[in-house]
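In what comes next, chain A is part of two complexes: it sits with chain B in the first one and with chain C in the second one.
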Partner chain A sequence: MGWRTRSRLTSWLLGTLTIGFLLYQWMPIATLSLLSFSGPTGGTTFPMNGVSLHWYRELWEASIMSDFKPPLLRSALLALACSVTTTILAVTAAQAMRGRFRGHNAFFYLLLLGIMAPGLLVGFGVALTARLLGIEPAWDGTAFLVHVSWTLPFGFMTMLAIFNRFDARIEEAALTLGATRWVAFRRITLPIVLPGVIGAALFGFSLSYDEFARSLFTTGSDVTLPLAVMAQLDRQLTPELYAIGTATTVTSFVAILACTASLALIRRSMRRG
Partner chain B sequence: MPEAPVLAQLDLEIRGLRKRYGGFVAVDGVSLKIAKGQFVCLLGPSGCGKTTTLRCIAGLEEPDDGDILIGGREVTGDPPWQRDIAMMFQDFALFPHMTVGKQVGFGLEMLKRPKPEITKRVTEVLRAFEIDRFADRKPASLSGGQRQRVALARAMITEPRLLLLDEPIGALDYALREAVMIELKMLQRRSGISFIWVTHDQNEAFSLGDHVVVMNHARIEQQGTPEEILQRPRSPFVAGFVQGNNVFHGNVARIAGDAALIATPFGEFAVPLRDTVPLLGAIASFSVRAERLRPMPPEPGCNHLTLTCRTIEYFGSIRRYILERGDGEVMKLDQFGAEPACLIPGEVATVGWRAEDGVLHEGAPS
Partner chain C sequence: MSTIRARSPAAYWLALPAALWMIGAVVVPVLLILWVSFWGGRAFSPASPLTFDNYARFFGNRTYLALIGQTLLHAATLMAICGVLGYCIAYFLMVKLRNAPLRTALFLAFIIPFWTSALIRAIAWVPFLGVNGVINRALLALGITDAPVEIFLYSRTGISMAQVSLYTLMASGPVVYMLAQIAPALREAAMTLKAPPGVVFRRVIFPLTLPGVVIGQVLVFLNVMADFATVQTIGGNKIALLSNLILNFYEGAQLRAAAVVSVILMACMLIGVVAAMRVVDIRKLGG
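Let's look at the complex of A and B:
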């Protein structure tokens, strides 16, 4: 057997493995969305007992007890705020790293601690500190801070990777052509690193949006969506939860697609005139 | 080079420039004067400080010490955007997201010129550089030669006092370089803008520069016209770095009239004295150009030594004989390419040169 034949066999094997993995990754979500379309008498497992949009209507016209709309709004706003904050801080921090300031290595590792630190404990610690300071935990206060400490390292890493490949001489060329540092950043650097900026924004949004552990102790009485879902799971499991899971996944998909599309557009505009 | 009048304004003056990075001294006391409209080449091996010097002139590096004056104005502390310069980078550093037209107009836009004026001027410049066809294209879709033109057009549109070029044709195909060099030289002459061209390629430096500055180990070794540097190298480094020199190291054995006798492992050679008379016994070096050497029987007034011909390189205009000297070094002897060969490989021959053709070095051996 020649090496080409063998490598073809290997590629089949690895291909099968990859497809298997993707199925394993997406089947639970597919099952969930399928069951969310079951009839009004449908349960939380198969068989579906008819097909309807009943549970989505239920979600929309919810009772006070199980109204997901306020937590959804909070989560979305929180995620949006996290996204904006992460983007700005990640870009500026990565830009600062390019200057190799004194202690930049320590700064790098300390910032990355946000990824390593156990979320539940970080949230608890923040809640505790807030209490000591007489601050009431709130979704738009303490929770926001904890979420940013979680999302920022991801955005920061993205920007570092992008700046690593960025040719600083392009910026220098702008300076020698009469551009001030700010103009060079705005007109030259920013457009070139824009794909990374979008990536950082995406991390900021998606990581905050479904964060549970860091929210548990920090949101106070007005909970975010993952906490509301968890509370509902404790009370009563209905396909309504499946409906909200599906709706959320679709929203995320749309967000990612929008980002991918804008990235493709940027890339195309780089290539052609 | 005609002597510049004393009062003529200099395009660039550098006094005692120093720059260090941590423990590494990149530029160590470089001083330089460039008269109006000169083509100056900074030549040297990599790491000699030529690019750092250029970046200090551009304002991209802050010198630790020294002054930089552009057009008579002190700019040492000024940022790059306040200096009357433009710079061309080795890989051109084009803006990947901007069309050719937009980036050629960038400099004028920074000067806040009115839009119609920018449009008009960009059209003119694009046409002059024969890149008007690409006005709406992005750099990624252009060839190396086209990018080079865009970079040049972008740098020259504001008509700066100085154009700084960092290995500007190093990224081009070898075949393209010669044509581009001639074009750039003519462009420099027409525009009257001083060019400061950094290169490690002596062919570039000597064929383009009105004034060549040879650098080594963060210092200027020698500066002058190409002819001065090629014919009268001041130090063993310069003699060894530029092509076509045979370098000898030895000690001063005797001073006889206006010549010094230098004792080397290959014999004693008479070399004309230069400005200063060396001390007896002092370490000394001299060089003799390959085209001054020829096979000859011993003659008075000439230096000789016996060498083995190893191989012959034929370049068309010259035929170069590589001769083994015995200390592991080789010597080069050049002959006009059109003449019949005077030595064959393996031949042991006595070669020599007229004593006045030797060039005594001034600097201590480095």
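Let's look at the complex of A and C:
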């Protein structure tokens, strides 16, 4: 067998493996979505016993015990707050890194630590701290603090990557032409790195919205959506859970799409301008 | 010249909020866990005397010791499966696949689930794995088994199956990054010098992607070690790993015991990261 045949054979083998894995990865999500549309007598597995929006209606008209609307609202507000905070802090932190201040290496590792440190330990640690300080854990207090410590490093890395490819001569031109540093940053630098800023905002939103481990220890009695989902799973697995899972997944897809679309728009307007 | 002067005070002030946030929300709480794990006495207060009793109690229990071993074994299994799968997928997408639109489409199909909730993705495995689940129905329909197989739900097999789907991307991503950095001229040079493809891979491509492999292994290791949510979702209350023990102790109000397990988990992770750093220098990745 010549090496050409062998090379083609490996291609086919690896290709099959890749497609196989992608199917493997998507199958559960697809099944979940499909089962969420099962009929009123449908269970948590096949057969579906008809097709309906019954479980979505149940979700909407839920009783107080399993009402997902307040947790959903809290999760959305928390994610929004995290997104804004992450964006601002990530831009300032990445801009600071460009200043190569003393200790900027330690600063980089400090932020990297936020990605590496597992949510379980950070959440537990903050719960302990709050207990010792006599602070009551709450979704809009301790949970917010912990969520940003998770989303900020991702936004920061995104901004660093963007600034790495940034052509500083454009800034130089603006400064030479008499712009102050602040004006040059706002009118020249910021529009150019805008795709990174949007990326940081997306990370801030979606990582916070989906976070479970950190919230578990720091949220208190008014829970966020992932905690409500897990609590419902502990009580009983119902197709309602599939409905909410499908809805959340679709929300994530829409968020990604919106960001990709805005990135494309920016690129087009930049090419034109 | 740029919008920020090198070593200017402005850089410090810009870095300060993020630094304080990370210290307050990550560094101090984690150090506090370490401190609490040594607290003795009856009352839960900073005035407690420091002892090794909590650790002695933990290591005196054979069940817990076995659990550390099981957790490490589970992590090693996942690292092996995700590592091999992730490398194959990265290599196929970056090297073998020549069709650009198809490559983008497959990449997106590979990455997009990462942006959705890991919890929901874990829950999505439940209808698959049960006795009446999709896998069992398929096996029965195909006549491979006569009775439903019970090894999937509430078992380590089921947990691993879900975690493979969650974490293969983490093993793959860094390899993709390293493969993208290899200049095509390198491969051509090796081919011109009559190296067979197998040798080119073994002596040129693989060593160049090794840092990516190691980083991917670290990411899988860290995530699997700390992933109590998937274990809880699919294992129910029947399976527990080290990370679940922390939660169990916490919910049972045994904060010091939870702190001890946290420190042990942290130590395992640190040893793993340090060992990986000895193989590759993370800082070289950026350059």
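By definition in this document, the second predicted complex is superposed on the first by the 254 of 273 C-alpha atoms of A that agree within 3 Å, B and C clash if a C-alpha of one lies under 4 Å from a C-alpha of the other, contacts with A are read in each partner's own complex, and residues count from 1 in each chain.
In this text, contacts are C-beta pairs under 8 Å (C-beta built on N, C-alpha and C of every residue); 3 or more make two chains touch, one makes a residue touch a chain.
Model, not experiment: these values are computed from the prediction.
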Between chain B and chain C, whom does A:Leu152 touch in the aligned arrangement: first, second, both, or neither?
second
One more residue to check, A:Ser269. First (chain B), second (chain C), both or neither?
first
More residues of chain A are touched by which chain, chain B or chain C?
C
Applying the touch criterion given at the start, work out whether A:Pro191 contacts chain B, chain C, both or neither, answering first, second, both or neither.
first
After the superposition on A, what does A:Arg235 contact: first (chain B), second (chain C), both or neither?
neither
One more residue to check, A:Ala213. First (chain B), second (chain C), both or neither?
second
If we overlay the two complexes on their shared chain A, which of chain B and chain C does A:Glu172 touch? Say first, second, both or neither.
both
Which positions of chain A sit in both the chain B and the chain C interface?
172, 175-176, 181, 188
Touching chain A in the complex, chain C uses residues 1-8, 10-12, 14-15, 17-19, 21-30, 32-33, 36, 46, 85, 88-89, 91-93, 96-97, 106, 109-110, 112-113, 115-121, 123-128, 130, 132-134, 137, 162, 164-165, 168, 196-197, 222-223, 225-226, 228-229, 232-233, 243, 246-247, 250, 255, 258-259, 262, 265-266, 269, 273, 286
Mind listing the chain B positions that touch chain A in their complex?
58-60, 79-81, 83, 85-87, 89, 91, 93-97, 99-100, 106-107, 110-111, 134, 136-138, 140-141, 154-155, 158, 164
Which residues, counting only chain A, touch chain B once they are in their complex?
167, 169-170, 172-181, 183, 188, 191-192, 269-273
Contact set on chain A toward chain C in their complex
3, 6-7, 10-11, 14-15, 17-18, 21-22, 24-29, 31-32, 35, 44-46, 89-90, 92-93, 95-102, 104, 107, 110-111, 113-114, 116-122, 124-129, 131-132, 145-146, 148-149, 152-153, 156, 164, 168, 171-172, 175-176, 181-182, 184-185, 188-189, 206, 209-210, 212-213, 216-217, 226, 229-230, 233, 237, 241-242, 245, 248-249, 252-253, 255-256
